[in-house]
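Take a look at the following structure, please.
Labels for the chains are A, B, C, D, E and F, by order of writing; each one numbers its residues from 1.
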Amino acid sequence: MRRLLPHPLLTVSLAILWLLLVNQLSAGHVVLGALLGWLIPFATSPFWPEQIRIRHPLALMHYLGIFVIDIVRGSFLVAWLILRGPARLRPAFVQVPLVLRTDLAISLLANTISLTPGTVSAHLAADKRTLIVHTIDTGDAEALVAEIKQRYEAPLKKIFEEED
Amino acid sequence: MNGFMHLPILPVVLPLIAGIVLLALRNAPLRLQRGVSLAAALALIPLAVSLLQSVSDGSHLVYALGNWEAPYGIVLVADRLTAWMLLTTSLLAAFALLYAVGAPSGGTSSHSTKPASGQVAGYPQPSPQMGEGANARPTPTYDRDGRHFHVLFQLQLFGLNGAFLTGDLFNLFVFFEILLLASYGLLLHGGGRLRVKAGLHYVVINLVGSTLFLFAVGTLYGVAGTLNMADLAVKLAATPADNVALVRSAGLLLFGVFALKAALLPLYLWLPAAYAHTSAPVAALFAIMTKVGVYSILRVYSLMFGNDAGAVAGLLDAWLAPLALATLALGMLGAVASTALKQQAAYLMVASIGSLLLAFGLGSTEAIAAGLYYLPHTTFATAALFLLADSIGRARGTLADRFESGPAMPGARVLGGLFFVIAMAIAGMPPLSGFIGKFMLLKAALASPLLPWVWSVVLVTGLVGLIALARSGSLLFYRTHSSHDPAAQTPTNAALAPVVGLLLLVAGLVIWAGPLSDYASATAAQLLQPQLYIGAVLGTTP
Amino acid sequence: MTLFFAVLTPFVGAALVALVSRLGRSHSAWAAGAVTLASLLWLAPSWHLPFAGSLLVQQHDWMPALGLNLAFRLDGLGLLFAGLILGIGLLIVLYARYYLSERDSMGRFYSYLMLFMGSMLGIVLSENLIQLLIFWELTSLSSFLLISYWQHREEAREGARMALAVTGLGGFAMLGGFLLLGHIVGSYELSDVFASGDLIREHPLYLPSLLLILLGVFTKSAQFPFHFWLPHAMAAPTPVSAYLHSATMVKAGVFLLARLYPALSGTPEWFWLVSGTGLATLLLGAYVALFKHDLKGLLAYSTLSHLGLITLLFGLSTPLAAVAGVFHIINHATFKASLFMAAGIIDHEAGTRDMRRLHGLWAFMPYTATLAMVAAAAMAGVPLLNGFLSKEMFFAEAMEVSEYLLGGWLLPALVTLAGALAVAYSIRFIHDVFFNGAPVDLPHTPHEPPRWMKVPVEVLVVLCLVVGIAPTLTVAPLLAVAAQGTLQAPLPEYHLALWHGFNPALFMSLIALAGGALIYRARRPLTAWHERTLDRLDARVVYNALLDGLVGASRFVTRLIDTGSLQRQVFLLLAAALVLGVAPWLAGGAALAGSRTGLPLDPVSFVAAATLIVATLATVWLHRQRFVALVTIGVVGLVVSLIFIKFSAPDLALTQLSVEVVTIVLLLLALYFLPQQAASEREPARAWRDGAIALLAGGGTAALAWAVLTRPYDTIAGYYLENSVPGGGGSNVVNVILVDFRGYDTLGEITVLALAGLGIVAMLQGMKLPAPSRDDTGRVWDADAHPTIMATLTRILLPLALLVAVFILLRGHNQPGGGFIAGLITSVALIVQYLANGAQWTHQRMVSAPSPQMGEGANAEPKPVYDSHPLIAWGLAVAAFTGLGSWLFGYPYLTSTYGHLRWPVVGEFELASAMAFDFGVFLVVVGATLMILVNLGGLHHALPKHREKH
Amino acid sequence: MIDILLSLLILTGAIFTFIGSLGLARLRDFYTRLHGPTKATTLGVGCLLIASALFFSVRDEGVSLHEVLVTLFLFITAPVSAHLLAKAALHLKLRSLTPTLKEGDDTPAHL
Amino acid sequence: MEMLIALVIGVLTAGGVFLALRGQTFPVVLGLTLLSYAVNLFLFVMGRLAIGVPPVISDAASAYTDPLPQALVLTAIVISFGMTAFVIVLAIKSRAELGNDHVDGLQREEDRNA
Amino acid sequence: MLSIVIPIAFALVSLAFLLSFWRLLKGPDAPDRILALDTLYVNTIALLVLLGIHLGSALYFEAALLIAMMGFVGTVALCKYLLRGDIIE
C-alpha cells in the first residue's frame, strides 16, 4: 500500500487542490486530479523525510477554527495598533520553551504564531527547544507565552506527536 | 519546388539534431562524438551544393514552416544568395571542425594540461575525454579544452544556417540570438584571462545590439503590422508620407544592429580582441560570423529598402559606402599597428568587411557581384590565417604569435610557405582570389560617383596591407636568432591540413573564377529584382 | 596552349626543384636548368613566327564575362624578352650553382628563381593586360623572396621589404591604370588596345590612366624618385642581382613602356613624363654610381642610369628612339649581367666588395679581370662593344629631339654628361679593383673562380664583343622583330654599324670618353665634395620616414580608437544608434505624433508608472549599493508585469513574474562572488557624459514609442485570431502562435536557453572561487544554514507548486500559461528546495528521479549529482522531433495536428501535437534553469569553505 | 444582498491592505513594522480573494473557489517570509525599540 | 496613457543605458536588465494599448488585442533571460579570471573590497 | 454599489502600494526593503484581484497565484543572502 500510494493524505489534498485550480467539478478533472495526486507524491516523496500522520483529525479541525478566528482577531488588533500610532506600542521579544519535537509541528506552531495576534516567530534556537517570538505590544510576556503554549502548542502536540 | 521537398529546412534541422544527439552522447567515447559532429558538418556540404543547384536557375525555394502560409507563418526562403552563404559556411565549418579535433591545443588554453579536472562547481562532471580510458592522457585538442564543444559548434551552425534561410525579420532576430549565444560559448571555450575579458565585451556589446534589433523590429511591426520580409517589403513600399521618417528611422536602427554584427565602423571595436583571443578553430569559424551581418544588410536593404521601395528606397545610400571605406582604412591601419599575428588577422578581417560592404554599398550589379565573389575568399583566407597563426604561435613557444624576434621555429619552411600564400591571398595579390575580388570591385566602381574615393582607398589600403603582412612575415620567419625555446612545438599535419584545405578552396575560387563570378553576378542581379523574391514568397506573380 | 605551358613550366618547376633538392645540392641546379630548357622547348615551335612577320595569340577562357581571360601573345618584343629571360636565366642557373655556399639552401634558391622566371615570362608573353598585371605582381613577390634569401641579414630583409613596398605601390597603381585603359578601350586584350591608340590618347581618362601606369613602370624600373629600392635590393645574392636587377625584373618596367608604346606614346604628357623621368634617373644614377664604394652599389646605380637612358629613349616618342631603346635593353642585359657576375666572383673569392680595399686584383685573377674589363668597356660605350652602338643611337636621338628643349643644347649636353659619368665609373670599376696598388686587408687571398663559374661571364662577354663588332650579322634580325613588336608598325629606316661617319653623336661619344677620364682623375675632390653634400640626401630616408610615419600613425590612430574599453564600445554603439535613429527626422516635415487617439489615463496606472519610474531612478541612483539596487529592480520587474496585465497580456505577466524571480536569484548568486559595494565613479565627467547620452537614448525610445502609438496600423493579427481555434486547436492565441504559427521561433528560443545552460556549464568548468566568509560589513555569516521552519514549510510547497506547474502547462493552449511558464514554476519550486535545504540535500533527493550519471570519470567522487543535461536533451529532442513527425504525412516541418479524444469517464479530451512541442519547451526550461542555477550555486564548493563557527 | 456583502468584503480587504502598508511605513523599528504586512495585509488580500470567489461564483454558473488556493499559498508563505526577515534582522542586529534586545548581544538566544 | 507608457519606456531605457555604461560588471548587468524591460515593453506596446481584451478566444469576448507582439515579447523575454543568465555568470567568471569586477579588468585598489 | 466601492478600493490599494514603495526606498536597512518588496507583491495581488472583479475576468487569477509564489521565493532568496551570502549552498 505504501508503495502504491506513498502519501494518501497528500494525494487527496492534491486532488482537491487540482479541482480548486481548474475551478470546475467535472468527471474528467476528478480523474485527472486523482491521477496527479497519485503521481506527484512519487516525484516528491524523497523530499518528505517523514510520513505525515494526523492522529486526531477532529482536533485539527478545531485547531483550524481557532486559527482562523485568531487571524481575524490578530489582524484587527494589529490594524488598531497601527492606526493608534507607534508611540504607544510596547514591543518585546519573548522566549517560548517548546515541548514539540518534530520539525513539522514546530514549523506549524511558528507559522500559527506569525499569523495570529501581534506576534512573529523570529528565531528558533539551534537546539529547537526554544522559539523566540517578537510581539508588537504586550504588557505581560509570561501570559503571552502561556497563551501560545496552551492555545496552539498543546493542540499541535496532540495532532502530530502524541500517540493515540 | 524541385528536388526533395524539405531541402530548405535540412541545413537547419541537421545541425540542430546533431547538437541534440551530441548532447545525449556527451558521455560517449570522444571518437563517437567527433564522428557524429564531423559527419553532420560534412553532410552540410552536399546539402548546400544541392540547394545551390536547385536555385541556380534563379528560382526561390520557399518553405512554409508549420504549413502556415506567408506572411502569417514563418517561411524559409532559399535563393542564390542563401545557397552561396550556406555553401561558404559549410565549407568553412568543416575545416574549422577538423582543426578543432585534430590540432593540438596545448599551450594556449588554460585547461588543456589538466584533462582530468573537468569538474563543474565541485560536482563531478563527465570529463570531456571520457571513454578513452581514465588513465590515458591524450594530446589536448581544442574540442576537449572545455565541455560541450561539439554541441556548441553544431548549434552555432544551426544559428548561422537559420539566419541565412529565414524569410522573417523576427525570426532573423531569434537566429541571431542563437548564433550569438553559441558563439559566446565557443568564444569562451577553454577560458583564460584575455579570452574572458574579450568575451565579456563581446557579450555585452551584442546584448545592447540585440536590444536595438528589437526596437527596430518592433517599430517596423508597429508601422507595417507584419514581420515577413517580403510582406514588409510590400507594406513599406506603400508607406504613407506621414510615416516615412519613422520607417526610415527603424530601418537605420536595424542597419546599426547589422553594422555591429558585421563590424562596421565605428562598431568594430569588439572584433579585434574577441577574435584574437579566442581559440583558433573558433576564430576561424567566426570568419563567417561577421558575414551574417553583411548578409543581413544585403538581404534586408535590397529587399525591403531597395529600388522598388518607394519613399523609403535607397535607405543606406548615404551611409554604407562611406562607412565601409572608413572601415577598410581603419582596419588596415589596425593591421599595421598590430603587435601579434592573431590581432593582425582580426584587423585584416575588419578591413575585409570594409571591402565587402563597400562593394554592397556601391549597389550596382557588378559591385554586388564583386562583393559576393570576395565574400567566400575573405572568409576562407582569414580563417586559414587564424588557423595558421595558431600553429605559428605554438611553433614559437613562449613568444607565441607576438611580433618579436625569436628563435627559428620548427617547421618554419612549411609554415612560412603557407603564410606567404595566405598573405598573398589576403593582400589581394594575384593570382589569388583576393586579387580577382579586388579587380571586380575596382572595375565595378568605374560607374560610381565615388570612384576616386573607392579607388584610392582600396588601392592604398591594398598596399598598406601588403606592407603590413610583409613586415609580420619578415619578423616571424626571418628575424630569428639562434637560441632554442623548449616550449616550441613542431606543427602537426593535422594542424596544417585544414589550412591547406582552406587554401585549396581559395585556389578553387581562382580556377573556377569564371563560373563562380557568373554565379555571383546572377545573384546580384536577382537581389536587385526584389519583386521576384516577393512574388515567390507571397505567391503573387511579379 | 604552348605559350601557356611555357609560362607554366617554371611554376611547376619551382615545386619540382624544391622537391629534388632533398636528393643533393647539384640536383636542384640540374633541375632548374632542365626546367628552363623545357620552357624554351615549349617556345621552340613558335620561335620563327615573329621573324615570319606573324603574330601568335593563344586564348583560353577564364572569366570571359569580366574580360579576364588567359591570353598569350608572341611577337617580336615578347620573343626578345623571352629569350633574354630564359637565356640569361640559364647562365644564372649555372653561375649560382657555384656561387651559393654550403650553408645556402639550393632548393629554396632555385625554386624562387623558377617562380621569378615564370612570372617574367608571363609578363612578356601576356596578351591580356590584367593577366600581365598578375604576372607583374608575381615578379614583385618572387623577387621579395629572392632578395630576402639571406633572411638572417637585416639589410636583406629590409631591402626585400622596401622593394616589395615600392614595386607593390606601382603594381596597385598599374591595376588602376589598366582598369582605366580597359574601360576606355572596352577590352583588356593588347590587340584591341593597340588598335585604339587614338581613342585612348583623346580620352579624358588618358592622363589618369597614363599616370597610374607610369607609376607602375617607374617603380618597377627604379626610376627617380622611386629608384632607392634598387641599391638596397643588392643585399640579394649576386646571381639574383645579375638576373633581376640588371637583365630582367627592372626591365619589366621598360618592357611595359615598349609594350604600351603604340597605345600611349606620342603625346606631350608621355614625352615630358617619360623622358623627364628617364633623364633625371640617367643623371642621378650615373652621378651616384661614381661615388659608391661597394662594387655592387656602383653597378646598381649604373643600372639605374641605364634604365633611365632606356626610359628617356621611349619617352622621346620617335620610332628610332624606340628602336634604340630596345637595342639598349639587349645590350645592357648582356654587359650588366656579366659585370654583376664578375663582381660576384670577386666578392666570392676576395670576401669583400668594398673598392677601398679591393685593389690590384689583376695579379690574382687576370682572366676574370679581362672579362670584367671588356664588359665595363661595353658599359662605358667604348667602340667595338655593343654598348657603344646603342649609346650612339641614343646620342643621335637626343640631338634629333633637342629642338623641343631649352635652347636646343641642354639635352645633348646632359646626355653627354651622363655618358661621361658612365665612362668615369666604368674606369673606376676597372682601375680601382684590378689596379691602383695592392689589396687592403682582404679576408681571403683572391684567386680565379672554378671553371664553370666563369662560363656564363664568358658567354655574355663574347656576346658583347660580337654584337659590338658585327651587329648586322648577329643582333640585327632580333632587334628588327623586337622593334617591330614594340612599334606595332613598320620599322623606321636605321642602320646598325660601327661607323656612321663624323656626326654629332660621335663627337658626343668622344667628349664623353674624354670627359669620363677627366672626371675619374678628379675623383678625390669630387668624392669629398659629394660625401659632404649630396650623399646625405637619400630617398631611403624619406621612405623610412614614410614607413615609420605609417606605423606610428597606425598605432596612434588604432590606440586612440581601440582602447580596449567596453564603455567606449557601448557608448559608440549608442551614439551610432542615436545618429541613425534621429537622422531621418532631420530631413524635416515629419510630425512625431500621429492621428490615432489614445486611452485615457487612470490613477492606478499613474501610480504604477510613477512607481516604476522612481524605482528605475532609484536603481540608477543606488547602483553602488548593489543589494538595494537589486531590490529596486525587483520593483521595476513587478510593475512591468502589472503593465502586461493591465494591457491584456496575461501570458506575458506570468512569464515576466517567473523570470523576474529567477533573475533575482541569479543576481544574488552573482552578488555573493562580486563586490557588494562599488567604488564611486572616478571621473565625474564620464557620469555627465553618460547621463547625457542616457537621456538622449531614453528620449529617443520614448519618442519612437510615442510616434508609433499615436499612429494607426494594419496588422496580420486578424488571421491568428481567426485561425487559432480552427487551425491551431487552441483558444489562447498567444500560445498557439508560440507553439504553432511561429513554433519555429520557439524552437529557436529554447535552443537559446539550452545554449545558455550549456555555455554556462562550459564556462564554469574548472572555475574556482573563494567563498567570502563574511559579508561586506565584515560580519560573519549566520550559522544556521537551513532554518528549520523554512526548510519544513517549503517542502510542503513542492507538490503544490508542481501541481500548479502541471496546471499551467496543460491549460496553456487554451488559457494563459504554457510550457515556458510551467517550466519556470517547476524550476522555482525546485530552487526553493535548494534555498531551504541546501544543494546536497536536494541533489540526493532529485537523483532518484532522473537517471544517475553514466560513465563517470575514474576520479569522480561518489557524490550523487543531479545532472540536468538529459532534461535539456529530451526537451530539445521532443520539440525538434515533434516537428519532424509532420514529414511522414507530407507536410512541412512543424506542421501540427490536433484532435478530440473521447475517453470513458473523463469525457472529451483535446490533444494537439503542439502540446507535445510545448512539453519539450517545458523540459528545456526546467533543465536549463536548474543547470544554470545549480552550477552557479555550487561554485564555492570548488574550494573548501572555512566558515567561522559561533 | 450579495452586492452589499461583496462591497463590504472588498472594502474591508482594501482597508486592511492599506493599513498593513501603513504600518510598514509608519512604525518605528523593523520588528514592529514586520507585523503590519504579515497580518493585516494577509487578511486584506484574503478578504479580497473571498470577494472575488463570491463575485465569480455568483456571476458565472458554478462556484469559483480557486481563490482559496492563493489564500492558502499566502498563509503558508507569509509567516515563513516574516520568520526569515526577522532572522535576517536579528543577524544584522538591527536597532530595535525592544528593551530586551540590547546592542552587543551576540545572538537572540542570549535573551 | 500612451504618453505615460512612452515615458516609462524612455525612463527604463535611460536608466538602462546609464548603467550599461558603468565600469563594473554588476551595474552593467542591471543596466542590461533595465534595457530588456524597456525593449520588451516597447515591443509589446507595438500592438497598441488595449485594456481587458486579452487574446484568449471565448464567446464572451467582444474584441481582442493584437496577440502577435505578445508572442514576440514572450520569445524576447525568454531569450533575454538566457542572455542575462549568461552574462551574470560571465561577470563572475571575469572576476575570477581578472581579479576584479571592472569590465575592462583594470587593477584598481578600490575594486577589491570584497 | 460596487461601482463606488471598487474605485475606493483601488485608491486604498494604490495608496498601500505607494506606502510600501516608500518604505522600500527609505529602508533604512536591507530587511526593511525586502519586507517592503514582499508587501508590494502582496499589494499587487490585491490590485489584480480588484482588477479581475472590475473587468469581470478570471484571467488574472493565475497571475495572482504566481505572484504569491514568486514573491515568496524572492523574499526567501533575499533573506537567505543576508543571512548566509551563498543562497544555494
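Criterion: a residue touches a chain if its C-beta (ideal position, glycine included) is under 8 Å from a C-beta of that chain, and two chains touch if they have at least 3 such contacts.
All figures in this text were calculated on a predicted structure; none of them were measured in a lab.
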Go through the assembly and pull out the chains touching chain A as well as chain B.
C
Chains touching both chain B and chain D:
C
Pick out whichever of the two, A-C or D-F, is joined by more C-beta pairs in contact.
D-F
At what distance in angstrom does the C-alpha mean of chain F lie from that of chain E?
21
Centroid of chain C to centroid of chain F, CA atoms only: how many Å?
60
Rounded to the nearest Å, the gap between Cα centres of chain B and chain E is 28
Cα centre of chain A to Cα centre of chain D, whole Å, reads 15
Scan chain E for residues touching two or more other chains and write them down.
20, 25, 28, 38, 40, 42, 46-47, 51-52, 54, 56, 68, 72, 75, 79, 82-83, 86, 90-91, 93, 103-104
Could you list the positions in chain C whose residues touch two or more of the other chains?
564, 566, 570, 574, 630, 646, 650, 669, 671, 701, 704, 708-709, 713, 715-717, 720, 741-742, 745, 748-749, 752, 755-756, 759, 763-764, 767, 772, 782, 784, 787, 789-790, 793-794, 797, 800, 804, 815-816, 934, 936-940
Going by residue number, chain D touches two or more other chains at 15, 20, 22, 34, 36, 42, 44, 64, 66, 69, 73, 76-80, 83-84, 87, 89, 91-92
Using the touch definition from the top, list the residues of chain F that touch chain E in their complex.
55, 57, 59
Which of the residues in chain C come into contact with chain A in the complex?
783-784, 787-789, 791-793, 795, 798-800, 802-804, 806-807, 811, 833, 844-846, 848-849, 903, 905-907, 909
Give every residue of chain C touching chain E within the complex, in rising order.
564-567, 570-571, 574, 596, 598-602, 605-606, 609, 612-613, 616-617, 619-620, 623-624, 626, 629-630, 633, 636-637, 640, 643-644, 646-652, 655-656, 659, 662-663, 666-667, 669-671, 673-679, 681, 686, 690-691, 693-695, 697-706, 708-710, 713, 715-717, 720-721, 724-725, 731-734, 737-738, 741-742, 745-746, 748-750, 752-753, 755-757, 759-760, 763-764, 767-769, 772, 776, 814-816, 820, 925, 928, 932, 936, 939
Which residues, counting only chain E, touch chain F once they are in their complex?
51-52, 54, 56
Parts of chain B lying in touch with chain E, wherever the complex brings them together
170, 174, 177, 181, 184, 188, 191-193, 196-197, 199-201, 203-204, 207-208, 210-211, 214-215, 217-219, 221-222, 227
